[in-house]
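Worksheet for the structure shown next.
Order of writing sets the labels: A, B, C and D. Residues in every chain begin at 1.
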Amino acid sequence: MSSPIDELLQQLRQFRDERDWAQFHNPKDLALALSIEAAELNEVFLWKKPEDADPTRVREELADVLLYAFQLADKYGWDIPQLMQEKLAHNASKYLVVKAKGTARKYDELS
Amino acid sequence: MSSPIDELLQQLRQFRDERDWAQFHNPKDLALALSIEAAELNEVFLWKKPEDADPTRVREELADVLLYAFQLADKYGWDIPQLMQEKLAHNASKYLVVKAKGTARKYDELS
Amino acid sequence: MSSPIDELLQQLRQFRDERDWAQFHNPKDLALALSIEAAELNEVFLWKKPEDADPTRVREELADVLLYAFQLADKYGWDIPQLMQEKLAHNASKYLVVKAKGTARKYDELS
Amino acid sequence: MSSPIDELLQQLRQFRDERDWAQFHNPKDLALALSIEAAELNEVFLWKKPEDADPTRVREELADVLLYAFQLADKYGWDIPQLMQEKLAHNASKYLVVKAKGTARKYDELS
């Protein structure tokens, strides 16, 4: 039985191929598309307090970010939960609890 | 049995709470953090042909984007595969195969 | 006598040519570099109230944004104050005082 | 006699105050607005070769980036050519000609 992630990837490939869009989907432009969607996500919050942003629009723009992120991972053939697990473990070692607790400082500013 | 996505969300909550970072994680700053990671992802491709970017760095920066995207969705209590499914269906209706095939034009420029 | 803008453009061209960087400076990558610097500017404000960001770092990152913006304009041979004047006049017609006063809504949401 | 930059700043202040927008223009949201315009600039190049982007749209989006960059500098009361001059001098010391010539590597990757 396929996972929800595998189903999404399968549908994204079909979506792309029905439109003959593989020709445009090099990783550099996929990453660029992702960052443009990230900006549209941020625009929902612009000039507003965090709690005043419209959740419906946040949800739609966040979805577009995720759809491009999944396509970029798929372009390289990566397992998505695995790459996230690895990076989370790496971040945990950069931001040790004993040093990072209660501060938003970057890892290279932690003493 | 929990899914890989649920496991990741569980670990992300633990990572955040061990560091007492919930105080910083309002949705506006989470979206901002996501877009900053998206820029770091793009930096891997800067001044380069798509195929010359270092896959190891692409993988790491993409992971950071996904980790913030998951945290933002979790902040609102959303089901991640479901919000992606909904948006993919919506995009399919914006980009009809008959009009969008083989062109990279935006939906509002399709005739 | 040359203007401060002309002097900067002259120095930027020299900076680029001494390093033999014109080969990398196509407009697509210049725009990408600009957006990466914009993200570094935003990072100075991340997880913070606006007034808590370090002005010294804001100034440096804003400068990098401006340096790439000037180089991109110069790539096309445009007069910078003129293109800004034109867009400001255009924005004034999109955001009529009578409709836009006191609201942060986008022009297509103004009634 | 006022410079083109001073004239633009004067007009930007008037544009803002006529619309009563100073209430929204904290530096964090100005920086965010700038990065959103930077993304719109990048969208003109998305899925395209650099030379296939529409110069008219590049010009308009670049202008919006510059208008926000100027407003952010003005918020802090900074002299724009001066902050650019200082950063350009700083970048010249980070990217020494003898090391950086002909390579697009970042300063911390130069040997």
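Keep in mind that, in the parts below, contacts are C-beta pairs under 8 Å (C-beta built on N, C-alpha and C of every residue); 3 or more make two chains touch, one makes a residue touch a chain.
As the structure is a computational prediction, the values presented were derived from the model and not from experiment.
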Repeat of the A-D interface, chosen from B-D, A-C or B-C (over half of contact pairs identical by residue number): B-C
Higher-contact pair (C-beta pairs counted), C-D versus B-C: C-D
Centre-to-centre distance between subunit C and subunit B (centres being mean Cα positions), rounded to whole Å: 26
Whole-Å gap between the CA centroids of subunit C and subunit D: 2
Where subunit B touches two or more other chains at once, by residue number: 24, 29, 32, 35, 38-39, 42, 45-48, 104
Subunit B partner contacts - residues on subunit A that touch it in the complex: 3-5, 7-8, 11-12, 15, 18-21, 23-24, 26-29, 31-32, 34-35, 38-39, 41-42, 44-45, 48-51, 53, 55, 58-60, 62-67, 69-70, 72-73, 76, 78, 80-81, 83-88, 90-92, 95, 97, 100-102, 104
Touching residues on subunit A, where the partner in the complex is subunit C: 32, 35, 46-48, 104
Touching residues on subunit B, where the partner in the complex is subunit C: 24, 29, 32-33, 35-36, 38-40, 42-43, 45-47
